[in-house]
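Okay, so here's the structure we're looking at.
We call the chains A, B, C and D, going by the order they appear; numbering starts again at 1 in every chain.
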Amino acid sequence: MGEIEIGLGKAGRRGYGLDELTIVPSRRTRDAELVDLSWELQGYRFELPVLAAPCDSVVSPTNAASFDELGGLAVLDLEGLWSRYADPAAAFDEIADLPDETASARLRELYQQPVDHDLVVERIRAVRASGAVAAGSVTPQRIEALLPRLVEAELDMLVIRSTVLSAEHVTKTSADGGEPLNLKTFIRQLDVPVLVGSCTSYQAALHLMRTGAAAVLVGVGTAVDATTADTFGVGVPLATAIADARAARMRHLDETGVYVHLIADGGMHTGGDVARAIACGADAVMLGAPLAAASDAPGRGRHWAPVAARAEVPHSTCVRVEQHGTQREVLVGPSDSSDGRLDLMGSLRSAMALSGYESLKEFQKAELIVSPGDRRGQS
Amino acid sequence: MGEIEIGLGKAGRRGYGLDELTIVPSRRTRDAELVDLSWELQGYRFELPVLAAPCDSVVSPTNAASFDELGGLAVLDLEGLWSRYADPAAAFDEIADLPDETASARLRELYQQPVDHDLVVERIRAVRASGAVAAGSVTPQRIEALLPRLVEAELDMLVIRSTVLSAEHVTKTSADGGEPLNLKTFIRQLDVPVLVGSCTSYQAALHLMRTGAAAVLVGVGTAVDATTADTFGVGVPLATAIADARAARMRHLDETGVYVHLIADGGMHTGGDVARAIACGADAVMLGAPLAAASDAPGRGRHWAPVAARAEVPHSTCVRVEQHGTQREVLVGPSDSSDGRLDLMGSLRSAMALSGYESLKEFQKAELIVSPGDRRGQS
Amino acid sequence: MGEIEIGLGKAGRRGYGLDELTIVPSRRTRDAELVDLSWELQGYRFELPVLAAPCDSVVSPTNAASFDELGGLAVLDLEGLWSRYADPAAAFDEIADLPDETASARLRELYQQPVDHDLVVERIRAVRASGAVAAGSVTPQRIEALLPRLVEAELDMLVIRSTVLSAEHVTKTSADGGEPLNLKTFIRQLDVPVLVGSCTSYQAALHLMRTGAAAVLVGVGTAVDATTADTFGVGVPLATAIADARAARMRHLDETGVYVHLIADGGMHTGGDVARAIACGADAVMLGAPLAAASDAPGRGRHWAPVAARAEVPHSTCVRVEQHGTQREVLVGPSDSSDGRLDLMGSLRSAMALSGYESLKEFQKAELIVSPGDRRGQS
Amino acid sequence: MGEIEIGLGKAGRRGYGLDELTIVPSRRTRDAELVDLSWELQGYRFELPVLAAPCDSVVSPTNAASFDELGGLAVLDLEGLWSRYADPAAAFDEIADLPDETASARLRELYQQPVDHDLVVERIRAVRASGAVAAGSVTPQRIEALLPRLVEAELDMLVIRSTVLSAEHVTKTSADGGEPLNLKTFIRQLDVPVLVGSCTSYQAALHLMRTGAAAVLVGVGTAVDATTADTFGVGVPLATAIADARAARMRHLDETGVYVHLIADGGMHTGGDVARAIACGADAVMLGAPLAAASDAPGRGRHWAPVAARAEVPHSTCVRVEQHGTQREVLVGPSDSSDGRLDLMGSLRSAMALSGYESLKEFQKAELIVSPGDRRGQS
């Protein structure tokens, strides 16, 4: 099904990126104000289907509160600068002022400072104190050590995230005799919803769903500047990754009766990208760079992924992002621009209105057109 | 039929843009002067299959007359500056002189001035007085309020147009209990031909045809700078949209015996684009930017869509258009250039002659080649 | 077979350009000097499968001789400057010195000078006197008037060529009652081989073959700067056009026992393009711009098609061509460059050697790969 | 199977480049340090699946030793400057300082100096003395003359390489009556492993395997700047070439029980390209330009293929390469950059870890996605 012969001895499958798709309007349109963008995740209701990615350049304990007020869900990187420095202000200042050539190297030095578990607790509590949903991100490597402190801090929602996350990760220890790390054991210990990812295939998504996760992240979101596909040749174009994970969700629902949410993670820049991701099957999206581009984002014109802070390969560089407007303007406008980088949720709302869909679940049924050609320059 | 697996859980269909097509010459060629470009719309005969789009930058009451003389049909935006200002000259002057950065914002301010229904009547009468067919465009939101005045002014032809128009639009009122707006009820009240659009799918086209419209606009023509596809992810490449609407026309003709005309709306720049649109099934084309680029166009080097004037999303910006020649030169030459942006109708005529077709209806049968590759640089 | 659904109401066929193809080496390679590039056309043998296009910027009576010596066949435009001016040197000088803005317009003025039939005879005799094969090109419009003089001048080979040539062209006269112009009647009157074109489809090629032509030109060669496809939307990508004409040749051969040669006409820039055209089925190629780029070409850095000289649409502009080397260097080297624009025949020879083919007829059987991707940047 | 109709009279097959592919992560990931990159070639074990291409700009007798220490296999061009000059230092200095315009021409002059068979022996012995595996490259034209000296010098491994190599090459001599050159006869005379190539098709690969070669090079690696495809139209996109050769390897293994290694040769720039090549079926890769770009490469910022040194067509030019880091950094890092041009083996290791594969043989089974779209710009 869809098999392509790369050569006589190897076959592949065609994959599609979001930018190859457009959404076909249905026969009925509706007013934008009649469109409902809300969604629920295990009892938490959000007005907007958007998560702020756990990057120090995107989410701080402070702006997590304003993001929550706007209707989204901000995820704090619990291994970021806020968990390494009692007062990270100096570190942020330094990064903002670094020349481009040395930014990535210095960044890695700043992240040499160890994670302080007490600070992790403190940061979670700060977010909770603001009244926002306290969501934090941890890498699979650290989840075991941090788990008791997360419980202690009463974290509302946990994200376990790395560039590519599998349900069973083989490490030296496990290879030396023990079992591979099993996400399931950790997830079952927690009372709170757990989001895991990223993954890019049907099998990986299905196995992550079987860990008991409330949601699965789909994509290669943690690699700020597309490191994964370009450097490693690894990855699946996002539209195909989401559609494959959607099939996994259907199977998992059929087998267990449990609906696991899909969060499209990374690679979306405009409201149209968000709309396409949802039409492919995503329940919500996780955004990094578009939010780092807000004038009031912690990164102050720079964006870096958690992965940038680690010494091992893959390296991800610290990149400049063009600043467009405030967090609010990026998310819900008002916008004076027509390039789709501001008012992402207004654009999503309009896309749904124009296409005639009232809710996100309905919009997932939208008809799609594949059109690799350049669609710019219409009049 | 033509289904593409985007991923295991979602399928789509391949769509084609006009720029992916070329027309295959038949085995017989003919002289260009033997080609007949005329067409009829409910008793009105036009020498050229071209409509000027209802944008203030394209059509004024004055140049509607010259466009009519050349053989085309100019559509005045009845919610434009001419219906808001007794003397819009100052507003046009100001727009022409605005710096690029502030043009779009100031434009929206200028359109805050309310539509004056008496002026609407006056403008229609001015066009009628010139001897031209008086065609005007109204948005679905205003059609109910304006209808009596249009009748009073003896409008010859009515265009109901928005970015995406459906036969049944759900508004707050209708959702609160009543029925959705029903275009059919308005169209049946009018004795004059009504053109409606734009739409981009088989189902939407079919439903618009069933409203009793004389013609359906196909495309995303009102979004000057391709706002729709880029910002919202919504849309269908024009060749596919036309070919789908053509199938709807065939079905509607079969069911009712009524032939509804298809007007390709937007996204065409050269005579070759016009030729391709007709070969796909369009009976005529509606042009915006190519006509705004005329040195004697009202926009004087700027082009903006009606949508640009509204506060709500989608925003469309005011764009600069490179001026090529006069309205006459753009339409029927003479042209010294070979880039296809002048003498659009001469190019269409030559395309038909080279391909061996004598009339527009015959030309719709032309054989097409899909060729996504870059076709430039031949020798 | 190969049908593509453009939309529900219109289908097309996928077409391929030469630049989408590569030739697969066979299992046996051979030395380049063992490759035979010769071919025969009704008793005339040529060492190289290349014709110089009938453009004033490419062929003069003088350089036709040197082209013949190199092994190719130069075709003089019998309606060009040499047939309009007793001494066209001043006209050529003026064109060479024109600023780009005014070149095309002035060119058309220079070609207002009527064709002098005595000069036509004189030019043909000059080529014959040089010992070269005297081949000249005439448009279908003039063939009737010029025919007796061509016979009188003992033209060796006649090319009847226009942008798109069909076997039956409908003109005002013919439409008013008479028969369409019938190429067949002219071709049968001539004892010499006649080459006709250009055409781009199976049906058109088949009908041209049935006129009794010795060879059919395939492509849109006369439109110097790709006017046809871009301006009119008319045309077929060259690889597909050749392969379609090849099928027509097979059918014609089957029906009549006569092998009609195919000349790929235009759109080729490098030796690789020539090789691909032959692998698709061409027996030889007709080159314009690559030869106009020779430092000793009559155009002296400018190139224009015969069509550029006519007042009617299509217009083709006078373009600048980057000068690379002499006619000899362009054709047979030596070349210091690796961009493929010099030593076109050496490149063709190497392509055949690398692929393991000894003769042009064998090379037409080469296996082809379609690869739309960018193939540059290998190491 | 996979046949494409180019036109009615000619068919082709779709070919894929490495840049059109991405690797799908499997459901299990693993730590990078658990990945094993080693491979064996007839008793020689290498820690890294990488060969340094036999270009004077890439491999010198000195840096062959360091390359060997890093775990790769360096191949010295036995017809290069080291075999023509007792002390080639002056020649290398001159090339490094040449202006771009004259570099290629002067290069050819420098290579006019005849190959000195005694120097060939000396260079091989120098590499052996360093403790590295002594691998050298010879063209098919010279293999007969050099063979006894290679045996005398105790060469460890022989590479017979030209742009396109076939098992049976027809030369003037052979055409005049004798048999075509038969690689098999030479290969059987040698006790050492022989690597032959490059080839790009199933048939050619199969025939090269039947010569008794230990490994077959796949690609058009010797043409530094993609001369082959662009200039000649000859070639097969690398992913398809490897996958076709893989099928030949399976057949040869089935027929003979002998596993012939596939070396992807040329056209790879990043660790991702290397990963894709192996996922297509390559056992190792041969790199030219990426290694010539090392700051300590012999080419000192210039790169030229052996073919550049020969007078006959095809010409390949001497190109500038952007210098990134040392040979060690290019191969195994450390790397501060995320563009994938440094730490190629670290990137390959990460690709395998992310995808969940432990060994190269396993990685060849990785699932592939074809995605021609631009995958850059993710966030």
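Heads up, the rule we're going with is that a contact is a pair of C-beta atoms (placed from the backbone, for glycine too) under 8 Å apart; a residue touches a chain by one contact, two chains touch by 3 or more.
Keep in mind the model is a prediction, meaning the values are calculated, not measured.
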CA centroid of subunit A to CA centroid of subunit D, Å: 40
Inter-centroid spacing, subunit D versus subunit B (mean Cα positions, whole Å): 56
Touching two or more other chains - residues of subunit A: 14-16, 240, 372
Category of the chain touch graph - line, ring, star, complete, other: ring
Complete list of chain pairs which touch one another: A-B, A-D, B-C, C-D
Complex contacts: residues of subunit A adjacent to subunit B: 1-2, 14-16, 18, 21-34, 202, 239-250, 270-276, 279-281, 333, 335-340, 343, 346-347, 349-351, 354-356, 367-379
Subunit B to subunit A touching residues, read off their complex: 4-17, 19-20, 104-105, 163-172, 175, 180, 199-201, 203-204, 206-207, 219-221, 223-238, 240, 266-269, 287-290, 303, 312-317, 372
